[in-house]
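Two complexes come next, and they have one chain in common, subunit A, joined by subunit B in the first and subunit C in the second.
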Partner chain A sequence: MTITHAKPAAAVKIRRTPSQLAFNLIAYTIILLLSIFCLFPLVMIVSGSFTENDTLLREGYRLIPSRFSTASYRELFKYPDSILRAYGTTIVCTVVGTALGLLIISMTGYVLQRKDFKYRNVFSFLIYFTTIFGGGMVPWYIMLSKYLHMNNTFAARVFPILMSSFLIILMRTFISSSCPVEIIESAKIDSAGDFRIFWNIVLPIIGPGLATVGLFLALSYWNEWYLTSLFITKRDMYSLQYYLYDLLNSAKFAQEMGIATGAEKLPSESIKMAMVVIVTGPMILLYPFVQKYFVTGIAIGSVKG
Partner chain B sequence: MKKALCALLISILAVSSFAGCGGGTGGSDGGSSGGTETSGTVSADTSEKVHLVMWTSGTASRDHEKVAEELSKLAERDLNATLEWNRYPDIQKLNLLLTSGEKIDLIYTANYQNYAVYAAKGAFNPLDELIPAVSPALDEYVSDEMWDATRVEGSIYMVPCMWPEYVPYGFLWREDLRKKYDLPEIDLNDLSTVEAYLDCIMENEPGMKPLAEIVSSYGSLGSHFTTWEFLDYKYTWADFRVPYGLYIDYYDPTNVINWWETEDFAEDMRLFKSWADKGYWSKSSLANTEAKQDQFEAGTLAADLAFNSPSGYANLVARIEVSHPDWEVGWYPFYRAKQLATPNHATQNGMSIPISSDNPERAVMLLEKLTLDEEWYDLSQYGIEGEHYTRTEDGYYESVGEASASGFAREAGNLWCTRNTEFMLYPETTATILTDLNAEFDTYAHPNIWTGFSEDTEPYQTEKAALANVITQYLPAIQAGLVDDIDASIDEFLEKAEEAGFSKVREEYTNQWLAYVEEMGLAE
Partner chain C sequence: MTGDSRAVPKRRAAGAGAGKKRGLLYELKVNRVLFLMLIPAAVYFILNNYLPIFGMYLAFTRFNFADGIFRSPFIGLENFRFLWESGKLVKLTVNTVSYNLAFILIGNFMQIASAILLSRLGSKVFKKITQSVMFLPYFVSYVILNVIVYNLFNYDLGFFNGILQSLGQEPYDFYNTPGIWPVILVILYIWKQVGYGTVIYLATITGISPELYEAAEIDGANVFQQIRFITVPLLVPTFITLLLFSLGGIMKGQFDLFYQVIGNNGVLYDATDILDTFVYRSLKQDFDVGMSTAAGVYQSIFGFIVIMVSNALIKRNHPEQALF
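Our next item is the complex of A and B:
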């Protein structure tokens, strides 16, 4: 009785032919160069934000600050409670807006792609219609400020960009392509209700779609300044972007009007770089954690075998 | 299916048109009530407590709400009203505020924010009868010429600022360097003095650029190289900003000349080319965006062809006194070169009462208090005394603590419209320069005739946009002298401009301008 053991996989040594080696070498070089191209501006920005402003004006940007200074960060964090509050409200708006937006968009997308929903085309068209024809700026503003009373509420920073037709259509297409009708039918046969199907079957499958749409949503909330400029007049409720914009503006104003003099000159260039660092920092840190969903999502299909 | 769609379309259109009407009808309601109130003889009835809303431009300072609260206390005491003071950050928000019919009692408006357009569309209450009836003091405070200058289609819609403001451009240079090399004194009527200075810098100051002019955007007029502003020193035009290459002579406003086609213009451009060839500015100037002032203060720039405003200069001097005590700075305002100073037009800064106001009378009283009552004035312009500013023994403004960190800096409320010569406090560092310059300008001041005019671009919107594109594409290179052949380039530029509809724009603009001259009686 001899059992032929399959050779353990690890033992199989893939022989690298010279051509493969050459390919790897070239591929790695290209990727390396590309990532340097991508990293380069970022490094310049970070280094610029730590350079003394006058040096920046005289000598330009360098990879390593020739005269190190934290003046721009000191200027930005001069009033720590204000900027932290702006951070706080922006984080809350981003989290709430993204979560709520994802839930509603995915539910809409799911319903719109269900073949047994009779009016799905009508509703799809209605949603699509708004991308071409809109009520215009003024009626929109009147609606939100006069009838929905959103002035100076956080709702004004969350609801207007909660859903967009583009994201809904994206989600609908994603669900219909990644989640075949057989799964839903089989779940139905197993006596699952609509919400149960959506929650336990559809949502886990559309992970990558959620990640994509979620990233879109999160970015638009994170970078939001326009709604703040229209609806918010209270400083405590400013979004981070608008707070920074305002900070720079009013410091410039103070300088031009001649109230700020001498040594405390605004670091006009380096402060812009510091603002970029402050705003993009959290997003860059977050990205690696979200990224895995993009990869796994594409790799795993729903119907196996 | 089709029916449903049709119905939907119709309903959407209906809704949007109703929304449009909503603003309109709300507006006219307010108008009629405003009209009946003003015709009454009873003024200043403050028995009923009301809530007033005021909007000024800009964004709120850190202590804006605190100051607004204090102001509201004064309003409660003097006007039996509570006051809410908000800020609009840009013209788009202003547009929304006025078109949405939001309840506003007092709002900052100006010609550069389309005052005349809004006034003509009926966004504001007419003040012709309201002001004399409610506030004789305000009526008297504003001079008759200023009242007349604010008229739109015969009626007054704003209370203009009575503080004369001069904002000329001027040539800025380092006086200490001029002295160091023993060069002739700068005089713009003799450009060789300027050239001698710039040549000397090129030769002897290796770390320094003589000039660093840039391409600057003039909004819907396209982009220009900043040498354009410099030419203001030699022409007695109504304003250098007169668009589309037109030249309107100050002393002969009905004479409108196509300046870009004149030999004068070509001559000026040849001068700039000779400067560019000498290397006064770099070949990459057209792509440069670095602020001239920053470079000047960092010591890498020797001169600025067009540096804006006396207050800008006074502030620069004050800052440089601290950062580079060994420097000396010179500024030659273009007004001086041509002996013609035109202060800001009446409509440059003003307050209007929107048609949506429920209490136009109380709004007028509020405006009177802000302008003519020193306690109100100081609080609204300078913040809380002791907390934001103090008054020195000599009567100068001094900010409390570090000025750039102030929660409410000097005039941080952007209440430029209520500025009053009698109450104005200057910081000590800038006071002398400003008062001296203003006194000089007063000696050759003439009323501003051009900035009150606002063109109606409706008939040539497309051509205007096309023209702006052509300007942005061709003109800066000519103005920077960075072309091989000036005359050929001007010809090419004019040809392209013509294709874009140049003649139509100029013709329409000239007609509108001549009508304005007629209406305002500017042709003497």
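Our next item is the complex of A and C:
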């Protein structure tokens, strides 16, 4: 005897009714088109980066380079100093911000899900409230720049996105769903301190939650340009994205003003594309490995949260 | 909640002398480590969110950096009057709200559709690959999006003008045609967000009991009817929750998207300027602190009213989905 499990997807697949065939046709077509729609701008950039600048200026952007060339990458790494510096500061900010953010977020999430903590709802609400009402961007900017003196410090690139109420609530849900109350209670009976319980018992079993929240944090640090644009004026402290933004805009500006003719220093179109690939590269390379954490994390946070 | 009462018997006994009333002082003593663990987050939210609320006072001053928030001259409602008389406020509000509504409605529709279709695909490999591809743009920064848009729509080199020219058509001047940008911005928003939303809806669909579909099939419902009468109704709660969250930000909008894609192209402002970009420019380029704070105050209060009202409305019909 075979045990038949309920598998609707399989059952549906076997039945080849006309409506099922029609549905499959529609579904595969639409999903395929959506995927192409999502992928093709990225292909275009990669293709541009492997095209020689002259060809690019003559033929415009295409999906497949008409003549493959790595000239722009070689050109880009002739003077690697400034891009490597932007890379360096961005890596440091990403690592520090993610580690610190993870520690604080998980600690906060842990306390807020402790059923015996009387003020957990008060604190949860105070954290949530920041998403529905705030002073606006300008008072926040004045606060950080005038009163916390964050202009031209790395703190300006780390502090403001260290945590968010969304991530704390996501973590709280994660901890309360993956970490049974009994474990915490039995640890308390063994008179373990609250921080010890968090550090030795809770942290090790919320790995997937840490991965998800950590990825959200890392992504926001890696893609950060806004904070740099507000607080940083020193070029050697630019984040990678803002460095690219600045480069693109000065090139665009020069072009509009007509200074571009003969100016050797302006980045060519294909070098810009190579820059984009270099800047996005690490995220895209990591993507296949981290994607599943994102998916499970978002799923848990959204369904139960 | 029953969970409250089964807390830490041991400590409860130790603190029995304090009586049954568990006041703040008692809590501070018993759970001091928990309070300590909250301090970093508390400091963060106080500095980053709560103290700036007092800075709203700036909207009533003619701010100068040296005097700071509380010693700059008080000028009453002057900034608001200026903002109103400039005539921009209505335009900005209409733009912000209508873009957000378009994003919310079209975005959710696309996300729900792709989640439903994906959930019913037979081929696991196809499903996995396409889902990954659709999620990919979420990881691309807005600076890169700016590059992509430029490559697509640039007059001389743009991809679309390349196609037009190869078809013997005149190139189209996208960057001088405001009317086309609302469409482009909505498409870009979908490009960036469709994968993320699909994951959320897919998670809900996975949670639907297979027995419902089996029963429907026995009753002779075809796949379209199953979707129409089972999947879609069960996605409504998720949709309402997401809708409420997005309504809370209806006055904010996708600053990164608008600022990176449109930048300082004044030709397009009429069709593309939203409150966020206006405030940012007023601060960064004109350093008009008083007026930009006033715009921010208006934005905050308007947004707060929207979320309170929509939450109250949801609470009446779907109390489960209300935010608070």
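As a convention for this text, the second predicted complex is superposed on the first by the 198 of 305 C-alpha atoms of A that agree within 3 Å, B and C clash if a C-alpha of one lies under 4 Å from a C-alpha of the other, contacts with A are read in each partner's own complex, and residues count from 1 in each chain.
Note that in this section contacts are C-beta pairs under 8 Å (C-beta built on N, C-alpha and C of every residue); 3 or more make two chains touch, one makes a residue touch a chain.
Owing to the predicted nature of the structure, the values given are computational and were not obtained by experimental measurement.
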item	value
Subunit B versus subunit C as contact partner of A:235, first or second or both or neither	first
Touched partner set for A:159, first subunit B, second subunit C, both or neither	second
First, second, both or neither for A:122, with subunit B first and subunit C second	first
Subunit C versus subunit B, contacts on subunit A by residue	C
Touching partner for A:68 - first (subunit B), second (subunit C), both, neither	neither
Partner chain in contact with A:79 - subunit B first, subunit C second, else both or neither	first
Touching partner for A:199 - first (subunit B), second (subunit C), both, neither	neither
Contacts of A:250 with subunit B and subunit C, given as first, second, both or neither	first
First, second, both or neither for A:48, with subunit B first and subunit C second	second
Subunit B and subunit C contact sites that coincide on subunit A, given as residue numbers	57, 125-126, 133, 135-139, 141-143, 146, 229-230, 249, 269
In the complex, subunit A residues that touch subunit B	54, 57-58, 78-79, 82, 122, 125-126, 133, 135-139, 141-143, 145-146, 229-230, 233-235, 246, 249-251, 253-266, 268-269
Residue ranges of subunit C touching subunit A (in the complex, touch as defined)	1, 3-4, 6-8, 10-11, 22, 27, 31, 33-34, 36-38, 40-42, 44-45, 47-56, 58, 63, 65, 68-69, 110, 113-114, 117-118, 120-122, 126, 129-130, 132-137, 139-144, 146-148, 150-152, 154, 156-159, 161-162, 165, 191, 194-196, 199-200, 202-204, 206-207, 210-211, 213-214, 217, 222-224, 238, 241, 248, 255-256, 260, 263, 276, 279-280, 283-284, 289, 292-293, 295-297, 299-300, 303-304, 307, 324
Contact set on subunit B toward subunit A in their complex	1, 4-5, 8, 12, 15-16, 19-20, 22-23, 58-62, 64-65, 86-87, 89-90, 92-93, 95-96, 99-102, 290-291, 294-295, 297-300, 311-312, 314-315, 318-319, 321-323, 399, 402-406, 409-412, 427, 429-430
Subunit C-facing residues of subunit A, complex	6-9, 11-13, 15, 17, 19-20, 23-24, 26-28, 30-32, 34-35, 37-39, 41-42, 44-45, 48, 56-57, 59-62, 104-105, 107-108, 110-111, 114-119, 123, 125-128, 130-144, 146-148, 159-160, 162-163, 168, 181, 185, 188-189, 191, 193-195, 198, 219, 222-223, 225-226, 229-230, 241-242, 244-245, 248-249, 252, 269, 272-273, 276, 279-280, 283-284, 287-288, 291, 294-295, 298-300, 302-303
